[in-house]
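Chain IDs A, B and C follow the sequence of writing; residue 1 opens each chain.
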Amino acid sequence: MTDTAAAGATAANLNVTGLELSNVVRRFGAVTALAGVDLTVRAGELLTILGPSGSGKTTMLKVVAGFELPDEGSVRLGVHDITVASPARRNIGMVFQNYALFPHMNVAANIAFPLEMRRMAPPMIADKVAWALQTVGLTGYDRRMPSQLSGGQQQRVALARAIVFDPGLLLLDEPFGALDRKLREQMQLEVKRLQRRLGLTTLFVTHDQEEALVLSDRIAVMNEGRLEQLGTPQDIYAHPRNRFVADFIGESNLFHGRVTAIEGGIAVVAVASDLVLRLVAMAGMRAGAEIGAVVRPERPRRLGSGEAADNAVEGELVEAVYVGESIKYRLRLSSGAELLVRWPFRAGGEMLGGGARLRVGWDARDMHAVPWS
Amino acid sequence: MVRPINALVSGLAFAAAAASMQAPASAQTQPAKPAQIVVNASGGAQAAALRKAFFEEYEKRFGVRVVDSSPADLGKLRAMVTTGNIEWAVTELNMEDAVRAQEMGLLEPIDAKIVDRSRFPANLQTRTHIYTRSAYSTVIGYRTDAFPEGKRPKSFADFWNVQAFPGPRSMQNSPIDNLEFALIADGVAPDKLYPIDVDRAFRKLDQIKKNVAVWWTTGAQSAQLLIDKEVVLGTAWNGRYYAAIQQGAPIAIEWNQGGIKESAFVIPKGAKDAHWGQQMLAVMSDAKLQAIYANIVTYPGLNLDATQYTDPKIAPHLPTHPDNLSKQWWQDVNWWVKNGKDVQDRWSRWVIAK
Amino acid sequence: MSVLTGVLGRRAGRHGPALALGILPIAFLLVLFVYPVLRLLLFSVENGSLAHFEKALTDGLYVQVLLATFEIAIVVAVICLLLGYPVAYLLATASPFWAGFGFALLLLPFWTSVLVRTYAWMIILGRNGIFNRTLLELGIVDQPLALLHNTTGVLIGMVHVLLPYMVFPIYSIMKRVDMQLLSAAEGLGASSAQAFRRIYLPLTLPGVFAGMTLVFIISLGFFITPALLGGGRVMMIGVQVERLVRQYLDWSLAAAVAVILLAVALGVAAFFRRVLKGDLTWT
């Protein structure tokens, strides 16, 4: 009874601990690529490392895959410490940016490769390869050479090769970069579905925030070797923790100001002599603090004359851009600051012309603060 | 890189391309003076000696520039004559090749009105197409530090005697001379060498084979082997050993039983500068000039008067010096022309056999 | 009339350069390769007889020397491969500076003639040569090693001359191999040795085959190096061909031997091409 319970507990633990990085540091000479990263990828979740180039995300990927060893810290996968394990012993399936298919082997041989390396019996290999091909929708393509496949098909093969050996972790290194937009969106959804269906713990690396928002269970935003924020896509989008995240994730309006007062949970922020903004105060916020005030472009609404709002501003329309389902307007406020707004575009609706004067407003809860320094 | 296939192919292409052209009109009666003539010879140190002894004089006498080229090559001569595209006014050939060339009609006759051989040995005066430029000898050479005074090899019997004269030997990778040496070592008198008893010669060669460390291919190699102490005893052309001795190598020449032979110059049949080639042979016949040449490379000319102009210090090193000449035997070139190819094939088989 | 010539002139002007560009290389190949080979074939079947081939293929001497030539060419190609593959790998993976340095070393011998290099080897490898003297002085051997005037000497001299012909084709293929494939293989569970054997080696085989073909074929034509370094005991077919051409003027037999060599060379090239194709569609 106790034994069974213990076994169950271990299994549960196994299930919750996917990948765990503790205080991982990697330096290249004077450059610190990873400055003490702590990160846990839960079992079965798709976690995206998002960051600009040079943020350390590629180094992190290499440390996880075993192509780089950390100078400090540890990497665990399930119950195993894989900090210094060779890539071959980590049991991680990786899809490379350019797929890295073996050009001299046909599709079946590419997919069979990790199984052969594991000394699996040939009949079982055949079964697994057939399963993997079916899973990625390439049944019947086993005799093709990689050079005879389209980009999307190559990616499916790479994916099949990465999952065929039941890896403890799936690593995706910017795998959609080489595809055209339509195919990219299709493949993103397919990968997501597959990942859900197979319950694969997945670490996905990209610099494309849109892709990250679509695919991820959680997103880890990286900059200069550090984790800036970890959270769900909604969380990160709505509540960027700092200026970098606010700026990097989606479009946003960022105003620099000083808290002048906190009144009933609402902070009053002076941005310029004639621009005062209100937002929901954060815990510990005090008057006098220098902050950034962030509002997403789809939050402001047009105000009728005399209509009031927590934040109301008036400005001149300097630019209007039609972007399909919505229109982006750029307003110049009297303070000289600019405000970007995005409103849905309805059929039959009219686009506003340049030079028009507009009043717009938004609620205090649509705006939040990020530390300035 | 020396690539015989390529050489052959390009040679054939050259020959074929030129074959379509007509041979030039028959020899001019009034030979115009060309800007230059080409004298083809063996090359190496010899080219400088030829220039110093003969070409400089020729250029002064006729105002015709002399260009030298090398190597002596019967195949090329044949290609030139058959295609009518003849670069050479004169070319050197070894005697065997010269006789073959004459048999195939590849040579112009020597013009006795231009080339004065009246002071040559009688048997050489009558050669119709072959001009005997020089004589050279294949002789025994040894390292003086390997064989102390009084224990030095004096004959081919000694050369074969590996107990009394131990040490690795070298000989030319060719049946020519070696068959004769073998017979002499086996006791055949030098005047009874021809016709060569080939079987007997090879049997005798079998006895020395494992003591011959190197079958040399080039003249330069033959002397270098003694200099580098790769071998202590060998055979080579006398001029090669002489040059090594001049450079201070501890080497001595044994003239006894050396194989002396002629070295020939010929004029290719139909050469456009044939007349100027005859003039070159005339210059080469000058006794004083022959002495200059012999002083440099110890290959004497055959004008008997040349001896009196030769440096007395050099004279004992010439194969034609009376003391040396009496110890050597003359090669029968006609035997070699007749049997050379078959014997060569047998030699090749023998030399590579384990 | 003037209109006509004008039109023709324009046309010629438009197509002329392209035509000239095409004709020159074709003419070059015809004159320098196709025609000589045809002449060679004609010489070899003089009077419509195959007697020269019969002699070349039945005369013990020619058969023996041909076989010895192939044997040496194969051994040289294999040694060049064993030495050249790692060298090519070092060059392909070195930094540009070290790669340039390596290439300079590799190409340096090309600035000296084969004959000079051959004599240099005679000085180095002789019984009293630099190498043996050093070994003797260091007490590593008490008898000089027989490195010269035998097959060993021939192999050393030929490998030295031919090594670059192995390194360059392999290097150029290695440079095109995506090194990420090796990371991918290791990530999929392959050891370094397995990644090399299953991925890197197959992908660099085209270079290996090109190098083998090149070295083998060039080896067939060697003769002065074997004659000098082999002490006369190592005879390659080139010596025989040269003697037939220059001394005995038996051009038909020489041509027959040359045609046999050409056929073997083409056969070897075709063989490697087939193996290569087979390999590419394998698994």
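In the analysis below, a contact is a pair of C-beta atoms (placed from the backbone, for glycine too) under 8 Å apart; a residue touches a chain by one contact, two chains touch by 3 or more.
No experiment lies behind these values; they were computed from the predicted model shown.
*Asks:* Taking each chain's centre as the mean of its C-alpha atoms, which one lies nearest the mean of all protein C-alpha atoms here?
*Replies:* C
*Asks:* Looking at B-C and A-C, which pair shares more C-beta contacts?
*Replies:* More C-beta contacts join the chains of B-C.
*Asks:* Indicate the whole-number Å distance between the mean C-alpha point of subunit A and the mean C-alpha point of subunit B.
*Replies:* Centre separation, subunit A to subunit B: 89 Å.
*Asks:* Could you state the distance in Å from the CA-based centre of subunit B to that of subunit C?
*Replies:* Computed value for the inter-centroid distance: 35 Å.
*Asks:* So what's the Cα centroid distance for subunit A and subunit C, whole Å?
*Replies:* 55
*Asks:* Please give the residue numbers of subunit A that touch subunit C in the complex, ascending.
*Replies:* Residue list for subunit A touching subunit C: 65-67, 86-94, 96, 98, 100, 102-106, 109, 113-114, 117-118, 145, 161, 165.
*Asks:* Quick check: in the complex, which residue numbers of subunit C touch subunit A?
*Replies:* 178, 180-181, 183-191, 194, 198-199, 202-203, 279-283
*Asks:* What residues on subunit C touch subunit B, complex-wise?
*Replies:* Against subunit B, the touching part of subunit C is residues 31-32, 35-37, 39-40, 43, 59-61, 64-65, 68, 114-115, 119, 122-123, 126-129, 148-149, 161, 218, 220-224, 227-228, 231-235, 238-243, 245-251, 254-255, 258, 261-262.
*Asks:* Within the complex, which stretch of subunit B touches subunit C?
*Replies:* Listed in rising order, the residues of subunit B that touch subunit C are 1-13, 16-17, 73-76, 78, 97, 100, 104, 173, 213-218, 220-221, 224, 228-230, 340-341, 344-345, 348-349, 351-352.
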